[in-house]
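Presented below are the structures under discussion, each in the form of structure tokens.
Two complexes are shown next, each including chain A; its partner changes from chain B in the first to chain C in the second.
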Partner chain A sequence: MSNVFIAFQVNEESRPVVDAIMADNPNATAVYSPGLVKIDAPNSLVIKRETIEEQLGQRYDLQQMQVNLVTLSGHIDEDDDQFTLSWNH
Partner chain B sequence: MDTTVKHPAMNRTQRMLALTRDLAWPVRQPDEVFPARSQEGIRIHDWSALRQPLQPTLEQYWKLQGDKDKRLYAITDAFAQNNGQLGLSDARYANAIKLLLQAFTPIEYSAHRGYARVARQLGLTDAAFQSADHLRHHQVEIHATSHFNKYFNGMHSFTEWFDNHWMLSVAKSYADDLLSAGPFEFLVAMAVGYTPVIGNTLHVSFMSAAADNGDMSTSSAGLTAQSDKVRHQVAGQTLVAFLVQQDPANLPLVQAWIDKWFWRSVRLSSLVAVMQDYMLPYRSQSWQQVWALYVSQPLAKVFETWEPLGLSLPHHWQEAQEQQAHVSHQTWLRLCRYSAGLPLHVWAPNAAALNWLSEKYPGTFDALFRPHMMGLGHQVAHGHRPQETTAPVLCGTCQLPVPGMDGAHALAQAQSLKGRCFCSLPCQQLFNLDADKHSAQAASSAQRHGWSLPAKQAVDSGLFDGSQDEHNFKEWNGGAQHE
Partner chain C sequence: MTVDLQAREIQPLRNTFSHVARYVGDDKPATRYQEATFGAQATSNFHYRPTWDPEYELFDASRSKVVLADWYVLKDPRQFYYGTWTMARARQQDAMESSYQFVESRDLINKMPDVLRDKVCQVIIPIRHVAWGGNMNNCMIAAYGYGTAFTAPASLHAMDELGVAQYITRLGLALDEPSVLDAGKEAWLNAPQWQALRHLVEDSFVVRDPFEIFVAQNLAIDGLLYPLIFGHFIDDHVALNGGTAVSMLSAFMVEWHEESNRWVDAVVKTAAAESEANKALINEWTQSWSKRMHDALVPIAQMALGDKGVSTLEDVFTQFQARCKKLGLSA
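Right, the complex of A and B next:
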């Protein structure tokens, strides 16, 4: 089993994204360091537009995530509704 | 507000392709339009098979980058307006920013130039974005740190030092090597060298630690730069797999570039290692922890997924892992020894720092480095200061000082070897693979031996204890005064 991870700057824009990730990935753990939050998850991690929109109460384009994205590890599978990190090629 | 949103007919990837690559007209004679595509021996049969995740369209790109900059400049302005320099953990911290500006900010500019060239040589839209990104990184680092330049020494002439000072030869030669590489080598170098090894350490864990040390300005610049670099990392790694899948002849070429650039980046990361372990008054993770978390573990996993393609871990992977328990301490001791001629300040670590290092490096610090650090502290306490201003012998490949080669005798010995002195076996092997190019580099490093800081810049160098930076910071009553 291998972890994938994704990290964001800590701010009010990234908070609903982080909350949505934690809601959709029960096995994920978030580690906060100054200015930075790193979320690790075993095998895969999914980010769903719908969950972020619920948190936010407004429409959200997953591309906006890039404004506060810092780093990630894992292969990306993305479409308009979700963004998945995993080690499957 | 309940208007039904009509989803566009094309998905994200289709839209991106329709608005970028598919806008270009088919080139009937690609060999004549893009001669550099074939110069390195790489064979591409189907460019359309190259997929680039995270890639925005041009319209999205401007919007995203604009949003990023608006956030960043709000923070850097607030930092400057609020006299952010007074909130630093200590004036020692400013030296990490000096090293960032002197060694890494200029490489960002080289990467901007490199990607611009590659975009034209290969006809690659992504590289044009990446070129603009690196220019942005160069600029935001200068903007974010410019506030410190008003209050601290050691920042005003960073480009001059980058070009001339032996300490920065490791960074300058890295940039020169990148800029003189062919387009595919450049892309592989950025994908497996600079971005994962330097970006993921300097621009992630160090920048978080910078925030902890009261520097929201540089921290925000570093983290927002990394938001572009992560896109480069994804694009670069996709490109490496694409190259190997296109033709069996590409595999040995790509593997050789991986071996070279991973090692060169590892050597360059020595400077990040001292920033992380020695230049942060409020300490966070050790360099070795950062290395494991952000470089070694994720890269090992990437290579595992590349194994079916025939790619293997960089040739000197094991040496690189072993080095991490030593490298920050070795580099710091060397900087201290030559502090009289450096464009920044160094110092003997205090008791708390020594204990923290012992705890973080249980296998090596107490046995190998603590006595040296304590000896240095003892000397400084008794008014003795390192005086050496001449440069040490530099490795023919990575341009870092060769261990044990100090003093006039060693310099003469190195001259007789025409620069063929090496810090390690991997560097010697890399030199032999491209002896002409590295010999030229060694010649330029010989010129650096004849260069020293102009007398008027003496205030920028020497130990931190007794420096103008130390004096000023006390006068302003800045920082937590914890040390």
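Right, the complex of A and C next:
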């Protein structure tokens, strides 16, 4: 079992994304360091558009998170509704 | 000499203001919406009553017959405060500008049949006066309502209504000569089809209860007008008969109505759920205002959609009643 991770700048735009990730991935842990939040999760991590929209109260395009995205590790599977990180061995 | 750069983490002692923390707790930083909204209503130190209305305090919840233990329960699901609202509207304005550019560069207006163009002007232009009424009424809610969660989105909504009036004006100028606006005002003031609606809009200006005017304007008037005119008339009837350009140029109204309905629904639902007394009041307001609005729209539906006008209006009214049921009302 290995971890995937994703890191964002800490600001108002990334907050609903981080909240949505924490809601959708019960095994994920968020570590805040100055200006940065890094979220680790065992095996896989999913980001759902619908959950972000619930947090935000407005429509959201998953591409918007790229603005605040710092780094990530894992294989990406992405479409309009979700963004998944995992290791496809 | 070497300079050593290090990152030091400084943990803030508090995550937000204490007046915000009272509502959302201090365990994590509050959102901008929460900080702009909770605890912002002025509640004390009113030394004098307003000379223009000495029955009430300057900010007084009892101006409305609706009673809520805490007016901050009326949260806006869109989480609009000035920043998010202006950014959302700026994006929509950009989209409208490019629609105008598209329509103008391809001369789509002149490719519409003249009869249809006249019909659109006849039906749409006077509605800018209704939208202006919506601006007045939401300003009234913002001024005399209680609780920032309720009044702040109302003031944004007032500006949105003004924006709709301006978009209609611009649509009129795109469709025809500027005199079309005078003709629209003339019809609003004198044409028999518009008088019931004008009477209703003008009556709404003298309602003194901020929550009643919220129900009348944002639920009943707009809730029936927008689906009928911008939904059935523009997007179905006009677009199918060669007027897609008009549909493009009124896209904001449809989008905005759908979006702001979420706010209107949340406010009505929350207030009605708090007590039976509230529910009865809101029910009565919804029924009487929506009935009047329905009757006022009959001649306009007939003018817009001909023989199908009345049956279309009935469909709109049935859907409106279904929406009210979902909010816990029995209208």
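Keep this in mind: the second predicted complex is superposed on the first by the 88 of 89 C-alpha atoms of A that agree within 3 Å, B and C clash if a C-alpha of one lies under 4 Å from a C-alpha of the other, contacts with A are read in each partner's own complex, and residues count from 1 in each chain.
Note that in this section a contact is a pair of C-beta atoms (placed from the backbone, for glycine too) under 8 Å apart; a residue touches a chain by one contact, two chains touch by 3 or more.
Every value quoted in this text rests on a predicted model; they were computed, and no experiment measured them.
K.L.:
Clash or fit: what happens to chain B and chain C when chain A is overlaid?
P.N.:
Here the two partners, once superposed via chain A, clash with each other.
K.L.:
Count the residues of chain A touched by chain B and by chain C, then name the partner with the higher count.
P.N.:
Answer, by number of touched residues of chain A: B.
K.L.:
What is the contact status of A:Asp79 with respect to chain B (first) and chain C (second): first, second, both, or neither?
P.N.:
Once the two structures are laid over each other on A, A:Asp79 reaches chain B alone.
K.L.:
Name the contact category of A:Pro26: first (chain B only), second (chain C only), both, or neither.
P.N.:
Neither chain B nor chain C is touched by A:Pro26.
K.L.:
Touching A:Pro34 in the superposition: chain B (first), chain C (second), both, neither?
P.N.:
both
K.L.:
Starting from the residues of chain A touching chain B, keep only those that also touch chain C in the other complex, and list them.
P.N.:
33-34
K.L.:
Once bound in the complex, which stretches of chain A touch chain B?
P.N.:
Chain A residues touching chain B: 2-3, 5, 7, 9, 11, 13, 33-36, 59, 63-64, 66-80, 87, 89.
K.L.:
In the complex formed with chain A, which residues of chain B make contact?
P.N.:
5, 7, 11-13, 53-54, 56, 60, 64, 67-68, 71, 199-200, 203-205, 207-209, 211-212, 216, 219-220, 223-224, 226-227, 229-231, 233-234, 284, 294, 297-298, 301-302, 304-305
K.L.:
Going by the contact rule at the top, pick out the chain A residues touching chain C in the complex.
P.N.:
Counting only chain A, the residues touching chain C are 12, 15, 33-34, 56-58.
K.L.:
Could you please specify the touching residues of chain C with respect to chain A in the complex?
P.N.:
7-10, 31-32, 76-79, 84, 88, 262
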